[in-house]
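Just below is one structure, and these are the notes that go with it.
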Amino acid sequence: MRLQHIIESQQFSVPNLMELFARTRTMEKVVQRGGTRDYEDKVMATLFYRPSTRTRFSFESAMYRLGGKVLSTESAKAFSSAVEGEQLEDTIRIIATYCDVIVLRHNEEGGAKRAAAVSPVPIINAGDGAGGQHPTQALLDLYTIYDECKALDGLSVALIGALDTGRTARSLAYLLSKFDRVKLYFLAPPEMQIKPDIVEHLRERNVWHHLASNPEEILPHVDVVYQTRIDRERLQQKDVKPTQYNIDAKMLETMKSDAIILHPLPRSVEIDPAVDRDPRAAYFRQARNGLFVRMALLTMLFDTE
Amino acid sequence: MRLQHIIESQQFSVPNLMELFARTRTMEKVVQRGGTRDYEDKVMATLFYRPSTRTRFSFESAMYRLGGKVLSTESAKAFSSAVEGEQLEDTIRIIATYCDVIVLRHNEEGGAKRAAAVSPVPIINAGDGAGGQHPTQALLDLYTIYDECKALDGLSVALIGALDTGRTARSLAYLLSKFDRVKLYFLAPPEMQIKPDIVEHLRERNVWHHLASNPEEILPHVDVVYQTRIDRERLQQKDVKPTQYNIDAKMLETMKSDAIILHPLPRSVEIDPAVDRDPRAAYFRQARNGLFVRMALLTMLFDTE
Amino acid sequence: MRLQHIIESQQFSVPNLMELFARTRTMEKVVQRGGTRDYEDKVMATLFYRPSTRTRFSFESAMYRLGGKVLSTESAKAFSSAVEGEQLEDTIRIIATYCDVIVLRHNEEGGAKRAAAVSPVPIINAGDGAGGQHPTQALLDLYTIYDECKALDGLSVALIGALDTGRTARSLAYLLSKFDRVKLYFLAPPEMQIKPDIVEHLRERNVWHHLASNPEEILPHVDVVYQTRIDRERLQQKDVKPTQYNIDAKMLETMKSDAIILHPLPRSVEIDPAVDRDPRAAYFRQARNGLFVRMALLTMLFDTE
């Protein structure tokens, strides 16, 4: 399959995902061998309207390990302010004349779709707005579960945190719903629970799911804990004990011995650094997978047959 | 011809321009073939005291397509502020120890000349101050006319916009004056007309020219429309109808069927997006030519015989 | 010798320094030949919490001349501000998954040590805090003396400026103390003299040293003048004549004919530009040596046998 653009996680069918994961495995080996030069004639532009050094570096490193080159901008605000009324569409058409793929982090929901509509080169959405998509994060999260648990069918997964605003948790729930016999637990204070659109989607798909607010009851039963941030200020407003949703050594003791803990990073206080030494702490391996998944996605955009 | 520095468009004779255009054609083919590695040992530094992501990317992409490497700075303000009294000359002498060519956008008129006076490596002026030069833009504008119209001699060209402050229009008028039987129309509100120094130069050279304020009378007769911005606030101060100098579908109808429309980009409202679909809209092809012209200029700086 | 990290100048023994200088010589030849591709599978990340374009470019150019690739950030402030409570340690662990070496300029003293404690890839300290270390600057200063004077044993060196706060002068004094029969002169207003810890260290090592405040008496007798900045405001507070510690044509006349003048650059007014034309002015050669020394250090980190 050749991809044209990468805009949202919904565009990936299960066979697409399996091809992506196979390529990702290959890329891990490519990096171990010191990278490839197969794509040395390719130029990638990273166009970030909001800075995100981690995501930018992950894409740029992926391009370098493939042998390619990178046009980089830490903060593309200069674009929008330089000329009153300048349109994203014009910027994309101009930047596309300089490169073979554009990685775009835009500040408005739908920005990536607008870019893709006019771009002669592939667009990769690296996040568009607070309510928008960040599909490569969702794909690396899913790949990490697949890689660590050796399967996706039949898994029990707990998603914890401010699930109402948590873009990554929402996307992961959506992607997991494509697999058989998955059980999803949503753990959050009632006011921050996963939104009805996701619950509705799971019902339509007949995906087992359960909304709860007490991690201690749920964590002993799951294969995967997907932890995200809860803004401390929001917790204080809601009279929730700030540490109730954090993972620490005590919480770890109650978990299955072969469970894994994921986090999109960066973390604040929601995972105690003491947890890092436990082999179940998979979040730094997850960060590294971002490199391999992004390499695999780039090859799917570049390869013409 | 080997160039030492690229400081101002005046330094290019007609034979220089013809060599540049021949190399530019070659570079277009080089890019179609996936670039070259002939210059892989070269390092270019982009030193921009004012951010301009489009211009920076265009140069950096040119260097990458030639196989070279790039030291990049989005905004070199840190240089001037770091040490009270630090001189541009010192900065250039230090940066020159790290690279083979410096692309400089300085905030003061004459900055590029000062840099060239001390630099052991070639300096390319990528704009120096509001009243200064931006020769690579002028050269890509001229090349686009040459490439689209298959000639420069005998063309009728209309330049529209705030011509008094418009650096690109001034430089293009200067370069066009080198060619035979060119006719130049300057279209602007009287208060924003092209300045007397250019008019004087055209008189000395016996170049046909005409200053006017009504585009509708002129556009039906020209081969090239070079549109630039007029700041809307300036128009309002002058009681000019804001749309009078804009190009829209109606204006397009009056133009020759083989005319072309250029714009240095980014645009604001002065060209209606509906015009983009017309084959006469050449401004995105013009942006792409920036890549080829800059590649050609870099090879003219690097090639020693 | 294989280095694991480069954190402080104290970690280099005399044999280490001699290996570094031999490699540095080799690198000078490598650059003359147009660089190497031996390290083309390596990726370096420059993580600068405070911008320093010169230092960043020097490292990045070193990596390019070795054939490698660069992930670059002009100002990594976005890291610390993005998530309340995010730790440098987490940032390093994530960035390390994308690259083979991290060049870190951190804003807190000890930042580089903290990074090295958790990083699976080598850390190079490019300055950590006002009171911290900047070992590659100290090493290139020392190499320049070695390269220009053909020896380190037996030299007379004057260090001038605000020596109490001058990180580079302090480090150089420390490194020079490792060599035989070195004589060190510290020239500063009494209130800005070198701090007692360095004086104590020199006493323990039996290194000849002399603290003075009048450059005119000392400069005629030394082989090396290491000039650093004195903040003009500080001078005015202390009633010192602002030019007393500056080097100008008159001061130059009193110096030995084979002496050299160094400065870590950028300079303000403390060396008159008229001095630049004198062959004893070695500070731009010193800046260029930064490239070769950093290339050599990178190879010492990468080479496994």
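Here the chain labels run A, B and C in written order, and each chain numbers its own residues starting at 1.
The rule is short, and it goes like this: contacts are C-beta pairs under 8 Å (C-beta built on N, C-alpha and C of every residue); 3 or more make two chains touch, one makes a residue touch a chain.
Everything numeric in this text was worked out from a predicted model, so none of it was measured.
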{"item": "Rotation, 0 to 180 degrees and nearest 5, that superposes chain B on copy chain C via CA atoms", "value": "120"}
{"item": "Numbering shared by both copies at the chain B-chain A contact, with half separating same from different", "value": "different"}
{"item": "Separation of mean Cα positions, chain B and chain A [Å, integer]", "value": "41"}
{"item": "Per-residue multi-chain contacts in chain A, two or more chains", "value": "72, 74"}
{"item": "Touching residues on chain A, where the partner in the complex is chain B", "value": "40-41, 43, 45, 69, 71-76, 78-79, 82-87, 89-91, 93-95, 97-99"}
{"item": "Chain C partner contacts - residues on chain A that touch it in the complex", "value": "34-35, 51-54, 57-58, 60-61, 64-65, 72, 74, 229, 232, 265-269, 273, 284, 287-288, 290-291"}
